[in-house]
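Next come two complexes built around chain A: one with chain B, the other with chain C.
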Partner chain A sequence: MIKVPLRLVVKNLLRHPVRSILTVLSLAVAVFLLCLLRSLVVSLDAGVREARSDRLIVQSAVSLFVYIPQSYDTKIRQVEGVEDVCSWTWFGGYYQEQSNFFAQFAVDSDRLLSMYPEMVLVEGSEADFLADRRGCLIGDQLASAYGFKLGDSIPIIGSLFPRTDGGTWDFQVKGIYTSTSSNVDRKTLFFHYKYLQESRDTGAASGPSNVAVFVVRLMDGARPEEVMARIDALFENGPQRVQTTTEAAFQAQFVSMVGNIPLFVSSLGGGVFLAILLAVINTMLMAAREQVQDSGIMKALGFTNLSVFLVLLLQSLLLALAGGGLGILAALGVADSIAEMIGSQFPGFAVTGETVLLAATLSIVIGLVAGLTPGLRLGRLNVAQSMRAEV
Partner chain B sequence: MALVPLSYNLRSLLVRRSATLLTVLGIGATVAVVSGVLALQQGFERLFAESGREDLLVVLRKGATDEGGSVITRAQADTLVKSSTEIAVDPNGRPEASLESYLAVRRPKLDGGETNVPIRGVQQATFRIRGERLKIVEGRRFEMGADEVMVGRKLIGRIQDCGLGQVIVFNTTPFRVVGVFDYDGPFSSEIWGDVDRFAEALERKVYNRAILKLAPGVTVEQFSRHLEDDLQLPSDVLTERDFLMGQTRALSNMLLFLGGVLGLIMGIAAIFTATNTMLAALAARTHEIGILLSIGFRPITIFCSFLFEAILLCLLGGLVGCLITLPLHGIETGTINYQTFTEVAFAFQVTPRVLLVAISFSTLLGLLGGAWPAWRAARLAPTVALRRH
Partner chain C sequence: MIELNGVCKSYTRGSETLVVLDHLDLHVDRKSFCALMGPSGSGKSTLLNLVGGLDHADAGTVQVAGHTLDTMTDGELARFRSEQVGFVFQGFNLIPVLTAYQNVELPLLLSPLSRKRRREHAEYALELVGLKDRLRHRPGQLSGGQEQRVAIARALVTDPALILADEPTGDLDRESADQVLTLLLRLNQELEKTILMVTHDARAAEHAGQVIQLDKGRLLEEGLETPA
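Moving on, here comes the complex of A and B:
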């Protein structure tokens, strides 16, 4: 049985309380940062992972900004294997100032909620929404970000669809939804496509006609590849060629556009890790230097080299665990407010269990590595050498 | 007042080699992280802001936040160019104005995935207005009226079908790549062709913006009023430089924010590290401080000496950080510009400003990290400090 005097481990840590606290705090800060950076990278493709396999997206084959004719709706609906179709049109307006960015979509409102079972109304009702021509549904994060409440009127300035009178589009909040999947953004405003169409037709507003994309729900048992090919073939010769993809592939194109940024953020994380590892090694070297005489006394009392080594290693591990734990707790604590802050650019930002596990593992690695070299050195010194050592 | 010789600090750092090295490297990594983000931001900002011209105006439909959201009909465009005496004319009497179309098209990347590449339809006048700064690197310009395009240099090697002689299909019309061009600015991530041919192929018979030069003596305000009052064309008129700066604000601010947050959080960790190192130095040199005090050095001198050593330590770290960041200079990368949803390629720029921030940042770390240990050193009583423990 290896004897490790645990009290000595604790006493040693408390011998320099300032140093221990500073080390723990800087570890906490670094682990906190690592958690957030990784969450940022992970959130980028959350939409891809949580995409549903029973939905397809029909978009222009040329560009996301080329709209496709509304009349495609009936043709797509007749394709074998298609259960339902719902159009989405990017509205591209802003609330009061351009910096207040959140997404607005004009949708076939009567089909939206049945198409997206992951959208759950927490306030208001679908019937109220459908009954009001200018009604809208907003995400709960959007509601809390700007303090919008049920029954409020939200004035939106249309930059893609300006109103002819120069005024704002006033949408009435008829429902607030939340989402059970990061696939549906909780900071979006949905309103009736019919209202947009009507305003355009009567000349009350201008902007591109037609719709941006169609979301298609497959019938049970329909094979996505076959349905995709059938839809694309319908419009092969124009007027607008379309490209039908799975929801996952649609989300993936946005991830792909982000380019090398995930790699860059990961290297930042590497830098953070390196900096903190060096700092903890430094602390442990200082501790080892001071504990040379103690280790000599321990050995004289009959403790083995291994025990002496373990005393130092345990100190290092305890520091790392305390720091890492604090950092993880802090990251979990602020995760929600950060998700709200950057939700529109990084929907699905969350500190996942995997991230926590990774952070905990990294903390332990730091503790082990930092304790190893100085610990081994102490373990190897013979009694006479260490007793004589000058501090 | 006698100062403690600086060589004393240098030697002290040398004596505690491992602690010095570890601290310097740790602070170096911190500084490198912050200056890496800044170098990315500088590259982005330089690409946009510094390539924009002051003498060139961009006209967008009023309220549009970018080219994609701005629509100018053919009829409006005709009125704009033909009924504005405010627009400068070249020696042959042609107005110095050009109408352009803009669309982000879906293109496959060479390394897999898809991205949005901007295609710009231009008129002959664009070449006159752009002049010498538009360089043909390979091949030739596209012919007006032909189904030909030239591609920006930065698309080569990143986007499929962009090589000389290859064919790019827009909707159902094939276009042949006949040239590669370069222009210092975001244009070198674009594909250019005849505005009318693009309109035909994409069935978008509208323009997205006009670029023009004003006749001598005409101000932007006068021209803007003329458009709104005389021509019933409410527009946003701004210099190309302001326009490009507006296009980058979101991403640029995001990077600055990221750099700031990283700097703040990691700075705190680095300060703690520096404090720890200096406290250990203090503990090891208590005896020496006792000697210094007893031979007449004043506490304030001791304070300065310790603080100087901390700053020196962190400055070395800052230097290491700069050395890590420097090789990034010029490395090209691409990312999405959220404002236009298109991909732009740009290079890390380790500008003097980045280095200056890195050095000031590390000095600040030294000041904050060294203050408390230095203060403790200065407050030691000589008799206590001299006593061997």
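Moving on, here comes the complex of A and C:
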């Protein structure tokens, strides 16, 4: 049976407490950063990952920023395989000041909740929402971020659709929703497209006419590729050509819009990982050099080469686990605050269990790799030489 | 207890081969106290390392306490050391981060003894060397003589048949050296430990019942019986 003096493992770590603490702290910072960076990538990919396969998005073939006629709704609805259609139009306003940014969409309000079964009302009702022309639905995270309650009026200053009297758009909170999927942002405000349309038509507001996109729900058994081809073919000759994509492809478009962030962030994370690995290897090499004679003593007393190797490897693992554990705890501790700060840009930001597991695994890998070479070196040393520290 | 036949050991440094032990034969009886003397480089410490299973001979056979060390694997040698041999070194070789008690307890971790029994054994060994009041002291907080006595306690805590001492008084003043030698003598006479002690010091060798002289890897004389 392999015997490892665990007391010696701990005492050796405390031999240079400042060095051990600094190594643990640098590991903690690295793991903390890795957790947050990965959480960013995960939140970016969440929309793609959790996109529904029975929904398609129809947008202008030119660009997402070119609006398409609202009248397309009727034609799309008649395409074989289409169950329902709901328009979404980006409103782009802000609450009180520009830094208070959150997403607002004008939608076909009577179809929104049936189109998105993952949206669940936790307060208010769809009927109240539909009954009030200025009614709106807001996400539970938006409500808690700004303290909005059912029945409150939310004044929004329109940037893309300013009111001609210079005033604000006042939306009445008729429902608060949550979401069972990170595919639907919980910090968004939805209001009636008809209200926007009427305001434009009556001259109460200005801004682009038409709608940004149509969300299409497929009938059961309909093949998405075929329906997409049919919709695109329908408007091949204009007046505005469209491009139909799956919901996943549409979400992926947003990720690519901000550049290849996943690759950038992954590279950054890889760099952090490599740097800290080298730092811990350096620490363990120093520790091994100091423990050459002790290893010789252990072997003279009857401990095996494997025991000596494990004493150093366990030191490395303990350092890595302490640093990794601290980093993970810190990341979990600040995750909610960060989600509050960057929730609009990175909806669904959260340090997931998968991220925690990855960080813990990386910490263990760092501990194993950093302890391996110096540990093997100590294990292989000749007893007589190491007793005299002739290395 | 110790039987060496035709033992050779040499080291290579660069292109030069240095013969340290040259066809050496040696016999040491059980329960004897034997001093191994000779000039620097005569092969004393190398001989001690071979007997302790810390190194392998190039040729010849090394038998200790009924074990033929030449054919043993590293693992078997480690077990042999933990069960049969206690080491005392010139530089004490205590682990600096452990207390006197923890240093003495260390070899017992390889035994199946319970924590309580290990404590009893370690405290008894420290009591034997007169250091029971220094249990919690680290090596850096002890004098040289005290450190060597802790090392002796560590060497005898597993109750080995053989104690190998490499210049145990080399780093000590006269008074501490006498204490250590008296202690080794007691271990030999009262606990019947076989002791093989490498020393330069003729006064130290006087404590031994048998003195062996080595020079250039060969035995010069043996069997100088001295009264303890």
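Quick notes on this one:
By definition in this document, the second predicted complex is superposed on the first by the 383 of 391 C-alpha atoms of A that agree within 3 Å, B and C clash if a C-alpha of one lies under 4 Å from a C-alpha of the other, contacts with A are read in each partner's own complex, and residues count from 1 in each chain.
By definition in this document, a residue touches a chain if its C-beta (ideal position, glycine included) is under 8 Å from a C-beta of that chain, and two chains touch if they have at least 3 such contacts.
Every value quoted in this text rests on a predicted model; they were computed, and no experiment measured them.
Legend: residue contacts after superposition of the two complexes on their common chain; A:238 is shown touching chain B, with no touch to chain C.
In the superposition on chain A, contact of A:285 is made with chain B only, not with chain C.
Look at A:11: by the touch rule set out above, it reaches chain C but stays clear of chain B.
In the overlay built on the shared chain, the residue A:293 is in contact with chain C alone; chain B does not reach it. In the superposition on chain A, contact of A:301 is made with chain C only, not with chain B. Taking chain A as the reference chain, the count of touched residues is higher for B when chain B and chain C are set side by side.
Within the superposed three-chain model, A:19 lies in touch with chain B and out of touch with chain C [touch as defined at top]. Of the two partner chains placed around the shared chain by superposition, neither chain B nor chain C is touched by A:71. Once the two complexes are overlaid on chain A, none of the chain A residues touched by chain B in the first is touched by chain C in the second. Only residues 3, 5, 7-8, 11-12, 14-15, 293-294, 296-305, 382-384, 387 of chain A touch chain C when the two sit together in their complex. The residues of chain B lying in touch with chain A in their complex are 18-19, 22-23, 25-27, 29-30, 32-33, 36-37, 40, 61-65, 68-69, 71, 103-106, 109, 112-116, 170-172, 202-204, 250, 254, 262, 265-266, 268-270, 272-273, 275-277, 279-280, 333-336, 338, 341, 343, 389. Residue ranges of chain C in contact with chain A, taken from their complex: 45, 49, 52, 54-55, 74-75, 78-83, 87, 89, 93-98, 102, 106-107, 109-110, 154. Residue ranges on chain A touching chain B, taken from their complex, read 16, 18-19, 22-23, 25-27, 29-30, 32-33, 61-66, 92, 94, 98, 101, 157-160, 162, 206-208, 237-241, 243, 252-261, 264, 267-268, 271-272, 274-276, 278-279, 281-283, 285-286, 345, 391.
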